[in-house]
Amino acid sequence: MKKVITFGELMLRLAPAGYTRFVQADSFGATYGGGEANVAVSLANYGHDAHFVSKLPAHEIGQAALNSLRKYGVNTSDIVRGGERVGIYYLEKGASQRPSKVIYDRKDSAIAKASPEDFDWDQILDGAEWFHTTGITPALNDEVAAITLEAMKKCHEKGIPVSCDLNYRNKLWSKEKANKVMSELAKYIDVCIANEEDAKDVFGIEATNTDIHGGQINHEGYKDVAKQLMDTFGFQKVAITLRESISANRNLWSAMLYDGNEYCFSKKYDLNIVDRVGGGDSFGGGLIHALMEGKNSHDAIEFAVAASALKHSVEGDYNLVSVDEVEKLAQGDGSGRVQR
Amino acid sequence: MKKVITFGELMLRLAPAGYTRFVQADSFGATYGGGEANVAVSLANYGHDAHFVSKLPAHEIGQAALNSLRKYGVNTSDIVRGGERVGIYYLEKGASQRPSKVIYDRKDSAIAKASPEDFDWDQILDGAEWFHTTGITPALNDEVAAITLEAMKKCHEKGIPVSCDLNYRNKLWSKEKANKVMSELAKYIDVCIANEEDAKDVFGIEATNTDIHGGQINHEGYKDVAKQLMDTFGFQKVAITLRESISANRNLWSAMLYDGNEYCFSKKYDLNIVDRVGGGDSFGGGLIHALMEGKNSHDAIEFAVAASALKHSVEGDYNLVSVDEVEKLAQGDGSGRVQR
Amino acid sequence: MKKVITFGELMLRLAPAGYTRFVQADSFGATYGGGEANVAVSLANYGHDAHFVSKLPAHEIGQAALNSLRKYGVNTSDIVRGGERVGIYYLEKGASQRPSKVIYDRKDSAIAKASPEDFDWDQILDGAEWFHTTGITPALNDEVAAITLEAMKKCHEKGIPVSCDLNYRNKLWSKEKANKVMSELAKYIDVCIANEEDAKDVFGIEATNTDIHGGQINHEGYKDVAKQLMDTFGFQKVAITLRESISANRNLWSAMLYDGNEYCFSKKYDLNIVDRVGGGDSFGGGLIHALMEGKNSHDAIEFAVAASALKHSVEGDYNLVSVDEVEKLAQGDGSGRVQR
Amino acid sequence: MKKVITFGELMLRLAPAGYTRFVQADSFGATYGGGEANVAVSLANYGHDAHFVSKLPAHEIGQAALNSLRKYGVNTSDIVRGGERVGIYYLEKGASQRPSKVIYDRKDSAIAKASPEDFDWDQILDGAEWFHTTGITPALNDEVAAITLEAMKKCHEKGIPVSCDLNYRNKLWSKEKANKVMSELAKYIDVCIANEEDAKDVFGIEATNTDIHGGQINHEGYKDVAKQLMDTFGFQKVAITLRESISANRNLWSAMLYDGNEYCFSKKYDLNIVDRVGGGDSFGGGLIHALMEGKNSHDAIEFAVAASALKHSVEGDYNLVSVDEVEKLAQGDGSGRVQR
Amino acid sequence: MKKVITFGELMLRLAPAGYTRFVQADSFGATYGGGEANVAVSLANYGHDAHFVSKLPAHEIGQAALNSLRKYGVNTSDIVRGGERVGIYYLEKGASQRPSKVIYDRKDSAIAKASPEDFDWDQILDGAEWFHTTGITPALNDEVAAITLEAMKKCHEKGIPVSCDLNYRNKLWSKEKANKVMSELAKYIDVCIANEEDAKDVFGIEATNTDIHGGQINHEGYKDVAKQLMDTFGFQKVAITLRESISANRNLWSAMLYDGNEYCFSKKYDLNIVDRVGGGDSFGGGLIHALMEGKNSHDAIEFAVAASALKHSVEGDYNLVSVDEVEKLAQGDGSGRVQR
Amino acid sequence: MKKVITFGELMLRLAPAGYTRFVQADSFGATYGGGEANVAVSLANYGHDAHFVSKLPAHEIGQAALNSLRKYGVNTSDIVRGGERVGIYYLEKGASQRPSKVIYDRKDSAIAKASPEDFDWDQILDGAEWFHTTGITPALNDEVAAITLEAMKKCHEKGIPVSCDLNYRNKLWSKEKANKVMSELAKYIDVCIANEEDAKDVFGIEATNTDIHGGQINHEGYKDVAKQLMDTFGFQKVAITLRESISANRNLWSAMLYDGNEYCFSKKYDLNIVDRVGGGDSFGGGLIHALMEGKNSHDAIEFAVAASALKHSVEGDYNLVSVDEVEKLAQGDGSGRVQR
């Protein structure tokens, strides 16, 4: 059990039931999620003292967001209460050839309007053994980017490992802006997580000869990207998730971890998707756990991919699986036979 | 069938099922409503060519809002598409001694960020026989207040009657600001609708000796308020709704119409409440219909109150009742016996 | 445990959830009900071998209707399978001043198109100790009226007591037609059940000085009606239910039984209504049970009224209560305290 | 934006939730659909002034049916109100080896009992640029067949293109009757739409060497059928949909358009089915849009097939997709990747 | 914010939706509750560091029970994991004259099979400022009674105030047994909470001349009972809740607090009941908060009764209200007007 | 129509909706099931007089369990009422690589605490033409094992064929105990049903060279197992189901029947799973029907496998399919095309 700090935004997710389209919905499932909070839930499920740091309004919707984390054991004592609104994202689940659709309504959320004084990083980071955030957080605005930078610098000073999932969101910032901000943050990042498009969007580093829409995975290309990332920014580890999208219901899913030494490719899972959102975050959660536990790169990437494979079968953003469940799948039982 | 124009904001209403509290909800009923749209739906149900004028985003949530009006026959061809978000209000239904609770998240909605060029009032008002809005619309901000003023002036020029429900919302503006803006608009209002608190909050005109929390209704006080309103602003008619709140489930409901001549008090209904939101708007819708149909003040106020009594039995903001249903109740059958 | 035969139509009931109006519904609760089937369910719940006789299509909707009776222990072995459709009634639940609304879509149902050969009454009635039907069944058409008459005559021959609830439905036949047909059937009826309007609608016999809409119950008037009914048709017992409708949510409920000797008025219940449909049928079921058990008129009417008071708290047409629950209420505990 | 007229029946669809069987259902999803109304919704979604012409009862169930079209922008002003019932179809969704099941209860619906005087075709067709119906409408009865013929003749006179989906329903009429009536109507049809069985059932024209149950598609056979249809009836275009049913959950879907010149086969989609009903209608809607827009045969058939592929991912009869969504799929992105 | 310890059983509550009867249910709402856990939730909502002490199985149902407490901020770190089952109670909500019904299936739950070694009271009670349990806990069996006694003795030693709600359950033990066990525990109880029947059932102390079924409250009788309780057992305070049950939907609710000096009767609330279960526990939670905050007896009893009045409007066992909400009601605003 | 007796436990099944995990559930679908009851429902659906023999509490949960069988036509007159609890199993449905999970809470259920005097086998078996149970029933405890043995011996005396599904449950007993008890029962079993693991777990008889996790089916191995079973225990027929688990959503399913003469392998179905629980029981139900109808081994195994293939598409434990549906699939139509 280790103390881990994640920092970012927790949003209200409003999703029509099943495969109902937005225009058909007369109710929305109301759950909560966000890249960093999702990682915190994963880590709490794996038995860690996972803290989520953010700002949420004092009203009942803010409270409900916070409660959704407490329920799964996340420590919420560092969440500042204030501001006016909980950011929202509307999610319509796709099927077959129809893609899932996300509409963001997250502007001016409490965390987006937070100020540096809201967070006392020395106190928050006291005793922490890991810090995690994603590229979404500094994308909110310059103020939040500055807060993120401050936190990372403190980690660096204190020797707390920092992981960051690049998670480029083009609705939040331009590639140019992302490049500029993330390049500065990158100096303090130890473990860089990205999918096949992030490296290109954020840093202009491309996986050569890889056609992600066609579902072809080019191992050499990914190695090249990982190496470039490490060489450019000095990351200690680079993890890349590899999604091959056959349809909205079916994806192939694997990943690679480069530790400066070896390029470890995981096995590939054929996923029948229940809920794809949070898939990348569950990979991050799994990877952080595996690295904190001292697994070698091979075992770490298998744990992280198995964790995220399971996530695709779980409704909501949060990956509600245990270490045992992940280990069992990582070690080879993907038959889905009933556990009595 | 008359062409009626209503102007204002249409919001997404997110409400936990039944009497569930916000912090218990894992889904929200998703309906749409707003003071002026609610009136448009009432009038469409009564057979009029009711137009709702507003601005809604081009995305699917904006479309769903618009569809909710089309479904009930409201003409939506004057709704401008654009902007980023649909305003939201969260609604928790109260019961017994626990009051209903509303949390607004409506800032920066598409209509709040509309500009005068979005609306061509000459074209919109062409052929119209009534115009209605509420005090909520100019409260959004100065730009929208200016648009409202422009619309009212055009109506005045064209001889189109204007009704306005004062509907003071203290979360949107101060009493001072409301007073200033509404006093200007009042010059163009023919029919003023208010509840027992609005006249005081907006214009500082008080119902003397009336204790609304205690549920005592002072007829003389209301007459006095209505007369002051008419004398001050030159309204042709003043209607005041009278709510006596016994509990969140049970209210007594009646109203008064002053036409410069007579003070007509309606009968009083003992309401077992299904959904209280939109109660005032349904009164406005009933009153406009009754006045357009040329009913005398007695019949008009009875129609309006019967319409709004029925609204309290209907889920959602919209009053989904027919002229026949309202007439039947207004004429005295409130026994609720099964109609086979 | 006695064998009882009931004969009539079983319909599919389609009802929007809660207080949702028809035009708001995007799903319908699907239950089954009908005057005579409802009585059969009551009697099965009281431990009797209750048979329901009817005709239902061989397809799955017909099967689902039949299963709804089997589930509660009704013997369905005399239900003929054939015909094309299950009759439907749409039910919108009222609230406060808004009445419940029923739309019938029952024409050409399997039972309405049944022929006399479908039913072998000698076999069906073998061993039976009671026969029950309602005025709805002969109202379906002349063919079904003839089948009903045949059944009643057979009962008369075999000495099986016959009860009939007049249940006038103006959508099914005219008062003239009802009078003609029911007057013939009345010859074979031992126990006549009616509400305050049926006697007038079917036989032109009026409760003098009684204003049912105003909720005033005139005891003398009811006695007069009961006496006229008995004198005219030679019934052995006449039961009249007395509903005072305060609103769609709240009714006062009582009844009277006249046995030729005494006029026994029950206590009166103040009902907070969950589901009012089937209220009269549950009274019939309670009365038949009480009479079969040999209760005296006082106890019988109290049992029947308590049974039907409970029905108003049960969703659906069927009265799912036990003898113990009815007895407990009839004997005076209406406090509704939790039973642990 | 073009004015399009569709004519036919709109039914209430009652469907158990998810994969629940009829005998398990205690509620039914209540949506509305019908071959021609479904096409109207498609076209309204594509931005056209789509009118649906039919007859629906004046009661609330009829109103709800009508509202379901208004909601999605269909013009309902030509729907006649009257008659007694809304036709019904019960739908049980199949899965894996268990087929979906439909039970019709549509006899004597308002449109089935309509008379020629109900429709003033000169007025209805005024300004129209397309007319569409299906073989289901004339199958209702001779009266409705005559109304259909009248409408088509008027279109012919006015130079309005007529499309018709053969849509043979053996529960409604015999092959002989269908042949006779449809052969007469065929004279006025410009665009004939059929699936692999319709041509045979209605006109006795067979796709040689094609085993549809085995899922083998014989291109030459389909060309032959299309050519025979065109040669026999003088259609300007013949479109044939090609469904290969692997299981209730998975179908392969493609189509062919013959324009007298070329036989254009579309790409084939591997469908993970959400809701298969209305799949053919969405093809018709897509085809009409594509032809009205002047697309060439290749692009037209790709648009129509992409539209209908998407339909299989949408709950309910209506195809709630936009031109953009269809174009994107037709142009090759079927990966189902999340749209943020 | 004070540290409070509550000790007892947390059960899974399975309840049909709305007013559905058990035999109609095809799903159960699944929430969690129990007399002591309910108090812990109240206190966490009031801002205290409320710990719930119990034993729950390590499996997912046990985890879900625990999560239900974490969600609302209860500290669950003292809950021992082990044992086989979570105790269950089935709850059918009553209406009107039909009472709510509870079926217990709680035998051999994890806590009922706990042993003294499971709990290290010195550690658990470290820093605690209050201890609360109910008569249900020692009723589970002798082992649990012994654990309870041990905990109370430790409190006594440490000067931690102990409150206990007598909560007699005749399904768990006889009156004789209850008397024996509770008399021993009573020595360590500072604040005794009881309803009008508990004092009689457990200790044979009767409220003279009080007919609770008839709804008559005899103030003198209650004073007498409270005084007897205090005189016999040396309690510092005795609180008695006074429920007058008019129907399953409507109760009158008040309470009395005797502090050895004064008999303070609260105001009486007329409750329109949403969920009655946990009503007594919410009183206890309110009282403990009020006493810990140092309120005088008048204010304390008003706070406790207002808290529990609100509980009757909240679904589930837990009283999800804030100090502000309770204070507002206690200070007189029970009108239920919408809070915007 | 033949009289069949099945004997065993009927449990309440509590399952979160859809793919929701246990810790996410705030309601459970409540259905009923158990190996032998499931077979009874299958047989009732095939038109037999299927009796289920067990013991269920007299309270409403017991009644609801019983009603679930009556609904589908199972004869419940031999179910003894008494005891305290209905056994429960919690079911979480798996997806993709995440397996379904079952948590049992069945200890001390009414049937587990039944005694031999509860069942008068001479009367129960009177007129019966088949008896069926499973290895779960004797596994409950020695008392129930003795009752099972008594029933089987009586069948043997009366010449009633006995079938038994080995159904090993390691949570209920050890392999040693199972071996001992089942070896004794085996003397009276005519038809033995097993899956690929049961023979090994119960009797130590292995399918050589078969790797069930890898999904490879070794025909020779299964023949060997069947032959060993028959040789050892003298069964007349041995049926083995062959499940190849590709994921929680997709299984391949087939079976083999050995009649002492021939080893008949069925065709293999590729199942898209809706609900996997009860799959084996539906095989048993199909096999018993086929054998009672006198089908040859080839047809019998095809019927049984088709029946169980369909079961995987039906929600709940019960296989709600008709003989016609099974025959149609067995004869080759697995295309899942809509049945109109």
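Each chain gets a letter, A, B, C, D, E and F, in the order it is written, and its residues are counted from 1.
FYI, a contact is a pair of C-beta atoms (placed from the backbone, for glycine too) under 8 Å apart; a residue touches a chain by one contact, two chains touch by 3 or more.
Chain labels with UniProt names: A, B, C, D, E, F = Sugar kinase.
Nothing here was measured: the structure is a model prediction, and the numbers come from that model.
Any chain bridging subunit A (Sugar kinase) and subunit B (Sugar kinase), meaning touching each of them, is among D, E; the list is complete. Among the other chains, the CA centroid farthest from that of subunit C (Sugar kinase) is the one of A. Copies subunit B (Sugar kinase) and subunit C (Sugar kinase) of the same chain sequence form an interface built mainly from non-equivalent positions, shared numbers / all numbers used being under half. Between A-E and E-F, more contacting C-beta pairs join the chains of E-F. To overlay subunit B (Sugar kinase) on subunit E (Sugar kinase) by their CA atoms, one rotates by 120 degrees, a value rounded to a multiple of 5.
Distance from the subunit B (Sugar kinase) centre to the subunit D (Sugar kinase) centre is 42 Å, each centre being the mean of its Cα atoms. Residue positions of subunit A (Sugar kinase) touching 2 or more other chains: 18, 21, 23, 26, 67, 72, 101. The touch graph of the protein chains shown belongs to none of the named shapes.
Looking at which chains touch one another, you get A-B, A-D, A-E, A-F, B-C, B-D, B-E, C-D, C-E, C-F, D-F, E-F.
The residues of subunit D (Sugar kinase) lying in touch with subunit A (Sugar kinase) in their complex are 18, 72, 269-274, 306, 309-310, 312-316, 320-321, 325, 329, 333-340. Every residue of subunit A (Sugar kinase) that touches subunit E (Sugar kinase) in the complex is listed here, in rising order: 67-68, 70-73. Contacts from subunit E (Sugar kinase) toward subunit C (Sugar kinase) in the complex involve residues 18-21, 23-24, 94-102, 104, 169-171, 213, 215, 245-250, 276-277. Residues 14, 17, 21-23, 25-31, 59-61, 63-64, 67, 84-86, 88, 90, 92, 101, 103, 105, 107-108 of subunit A (Sugar kinase) touch subunit B (Sugar kinase) in their complex.
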